[in-house]
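Just below sit the structures, each encoded as structure tokens.
In what comes next, chain A is part of two complexes: it sits with chain B in the first one and with chain C in the second one.
Presenting the complex of A and B:
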């Protein structure tokens, strides 16, 4: 008896997982161009980092190659704009092609559609973020440093960059539900520029991260609520 | 008492200050085919969109399969097939991809039946949805809705925009599929002959209000159009309740009355008419009588 109940539960969860996977797969295939764009950004930045390091390594007093620090800002700017643009494009595509209108009458919920969309967003952010971290860590391992490495600085920088990407993506989703795709993307990028100012003022650190996390949570809650209640 | 499969309770909807639905209340029992009629902008699509959870109501509630339609779980949605007005499918998908998506999201999918339908419709799987004709899109939409073997089927003006041949083909197949399994169906349409062929129960919406909600036979029995000939000029002082339309021309009076009964008959007989004949009415004529906003200029 218990085994039968367990099997029924397992089937139920498997079926739910499969449906979620179908939604994520759909997002992935539909937004393959965005994923490619997200991969191109780190590729360019990494090329610059490696080129800079190969030309001669100059270290900061905290044991980090100068090029790695110099590259943080361009990486943050490019990544943030790409994240915001992708979020806005994803949401705008839905509104223009009435994807959710079609999907939400099938055996799924708006909540799941939104979760599948954000899963793609997370993948997009990781595609941009992970290569930077990996490259930096590998380079730091390869090249001997004259002074001890300040890991704390590196972690704070990476955490700030990640928080900025996530926040800009969330802002992109929030502003994406507009009639014009171009306007949605531009609006998302403009708001991202304002968010980047927070990092410029507060620097790479805990204060910036807290502000960005608060913005992200507020933005995601707003978008979630809007998406769940909006006429499709 | 068993609740209806589809329930609409005191539904009110405002759009930008304009009242679209004004306290609509009806129920579709299990196995019933309900035809929802109304002129453009009467609120048919709005009711269906609220039922499908695509729109929120300003007031009132809607239930599908006993659950509030705003909070339908995938389990319940998997039992509902929906054919949207203008067949809003994902236009840039290939048919095969759209089918795979629907199949992937469904809980029940009758592959054999779906293939049968696709063979009957001869739909090209490798073409994009936007490259299909209106008729093909309608057929694809119906096939997708039927493949999940729904207990409830909601068809929102499914033949809108189709030419006569495509419309007849679509309906012939839809009627066949619908009648095969005794499903509960909510069907909205402008084409009344279609509704008359399919529906058992009729709801007529006029300016956001449901003015008729009864079985088709009952509707035909309750609304009577009479040609009354009087010995002299037709009287102008016939004060009867529920007159939908009245026109006098010399000795002849043509009158359409709702809820026709013996009292109303007796009231006409007090004017001692020379003859009183019933004019048979099709659903289309009943609909026109019920929804015409005001009497024609030559009518009283």
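Presenting the complex of A and C:
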């Protein structure tokens, strides 16, 4: 943890609450390595997609480029495990280094600490998610299809992938409060695998999204209650 | 925070997570059982076969009837259908993981055909959702490089727009299609559209620039032309025409004469079309009609699917048969909700059923069959009884193709199939058929008893105990797992009054009801005694404390 920032917080906000932005900033600096890891996943996937689309330019441009569809599963698997691992590592760091214990003596609440942590998680997921979506949209604009595309398929797929990332991150947070960091990450990844199987059974679609969203809500609320009532 | 409220929230959400994770694990357990069962099953049991087909008339026994060659060996025609032994093909993940099998997703469900490339151009029909019109266009590239490769941009030349009221080079004034089905045959110069909003067939001829509308029809049409559903789940129906084996001789370079066999069939005389000027259509009830492409009227009923309704089948395919260009009948093959029961119906040219064959798996005929079936049943039994009850009453509402993907309510389970069967037998049978849920209910009651026993030990209030018992009976193993995850994790202390373990976070002992402070003058209800004297003091039971005494002590 960056103690210097906290000391500055302590002096600057001596009589006031620590602002949410400061908490998020602290989370960001503490977990910069995780964010970099999260950035590697879309970077690899985007490279593969661009290469595949450029190779397919000579063929009749109807429908979604094959590579954009083929890459969905590898992307889902990599992203989901990274998200679960990040969530677990984030929570485990807190447990090991007693970050929340220290922050609780300052003018803030556990709820705000948890929200700041979740905001960072959402940022992490967006870092993994948004660049690929933007790349696909830009590629489909540059190499425009003369016949309307079945965009519904891509929208469904990306919505399911986003829901899976968020859900796996929530699971990571939930199982992360363990003594061993390795066990926390492994447990998070194992539970994520069970959720990925839900997508494997149902496919990319509304049914998967509903299950994943409900699971995310349930997991986050459970973690919230646990985090707020846990003896530090 | 209100701890009671927090506990309830925890239980509800932990319960939901337990249901999802448990259902997923059980799904893959059942998946493994069924897949192993299919792998172990002898190949003759997995397929349904009928010979002769009955469709080819005199040709069915062709070599016997028409050949005088003494070498000919009769092999009559036959029909075969088989469920695909890879049930993974029914899972949703293939949609994106194996896009080659789902080419319509890659191309677009709105493209109804495109021609072969000719000088860099392709002709194409597609539906423009924004306009609500069918579009006929040419797509190609302009510009060639030195090596003769097309280098320019892809361009589209729109030829015509077609709507329900006409054809035009501009999109306005020709109406809009809403919900519709399209039939397109590359050999025909026109497209036939069934407009579901008006229940009429519309024929669009782009060459003659004509739009012809047929009369209103009653049946709710769901498919035109190729009648097929979830074809990845099965192989067939395959019609094998009769063959004869002809023994021939040839001389090798060394002068030796060798014998070899050659097979001849009448395949060239059999084609899988309805004949000229008509096409198959399927309505929602599973009835197959012939559509006259000239008048756009439905002709007579010519067949039906082997299982009632379009939604009732896991998969189906209908194959019309023509001999030398004239319609001879059709084969309607499919798999019911049960993956182990492929079957087919054969209809003659007048729509009369002439053959019916349905598969039946005898599990005792192969090693491991009964064991795997029992394992599958046990895994189904571990599902929540309330979800099994839902499957019993709602299995007919599910699409047959959704069964293999079901996670929570299992229409393809034994309970679901029993419910579907009993619903057709009458109300009494429908109610009596509920016995299939009893094993699951028995497990749930056992788990509820375990929960109640543990809850008493932990000191959960009687109201909460009731809720837990009720929930465990309803949700079975999932509720039990939830209980284990959310039960209070407290170190119990010895009660000063009754001597039994009591919760430190409650004001009164959950066993004897006494408060924390017990006046010293009143002797406690418990004693430490030697084991040898246990029989003498059998009437003294610390588990049955005198509550009245406790109350009096408190009042004093």
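Here is the rule we use: the second predicted complex is superposed on the first by the 205 of 232 C-alpha atoms of A that agree within 3 Å, B and C clash if a C-alpha of one lies under 4 Å from a C-alpha of the other, contacts with A are read in each partner's own complex, and residues count from 1 in each chain.
Convention: a residue touches a chain if its C-beta (ideal position, glycine included) is under 8 Å from a C-beta of that chain, and two chains touch if they have at least 3 such contacts.
Computed from a predicted model, the values in this text were never measured in an experiment.
Student: Output check: A:229 vs chain B and chain C. Expected answer is one of first, second, both, neither. What do you get?
Tutor: Touch status of A:229: both partners.
Student: Taking the superposition on A as described, I'd like to know which of chain B and chain C A:99 touches: first, second, both or neither.
Tutor: After superposition on chain A, A:99 lies in contact with chain B alone.
Student: Pick one for A:157: touches chain B only (first), chain C only (second), both, or neither.
Tutor: second
Student: Classify the contacts of A:19 with the two partner chains as first (chain B alone), second (chain C alone), both, or neither.
Tutor: The first partner, chain B, only.
Student: Counting touched residues of chain A, say whether chain B or chain C comes out ahead.
Tutor: Of chain B and chain C, the partner in contact with more residues of chain A is C.
Student: By the touch definition at the top of the document, which applies to A:205: first (chain B), second (chain C), both, or neither?
Tutor: second
Student: Just to be sure I read the superposition right, which of the two partners does A:214 touch: chain B = first, chain C = second, or both, or neither?
Tutor: The answer is second: A:214 touches chain C but not chain B.
Student: Quick check on my understanding: which residues of chain A belong to both its chain B contact set and its chain C contact set?
Tutor: Residues 229 of chain A touch both chain B and chain C.
Student: Which residues of chain C touch chain A in their complex?
Tutor: Listed in rising order, the residues are 1, 3, 6, 9-10, 12-14, 16-17, 20-21, 24-25, 27-28, 91-97, 99, 105-111, 114, 117, 122, 124, 126, 128-130, 137, 139, 149-150, 154-156, 405, 407.
Student: Which residues of chain B touch chain A in the complex?
Tutor: 49, 52-56, 73-75, 77-78, 80, 82, 84, 88-92, 101-102, 104-107, 148
Student: With touch defined as at the start, can you tell me which chain A residues reach chain B in the complex?
Tutor: 15-16, 18-19, 22-23, 25-26, 97-99, 101-109, 112, 229, 231-232
Student: Sort out for me which residues of chain A touch chain C in the complex.
Tutor: 58, 60-64, 66, 69-70, 72-73, 146-150, 153, 157, 191, 194-195, 197-205, 208, 211, 214-215, 217-219, 221-222, 225-226, 228-229
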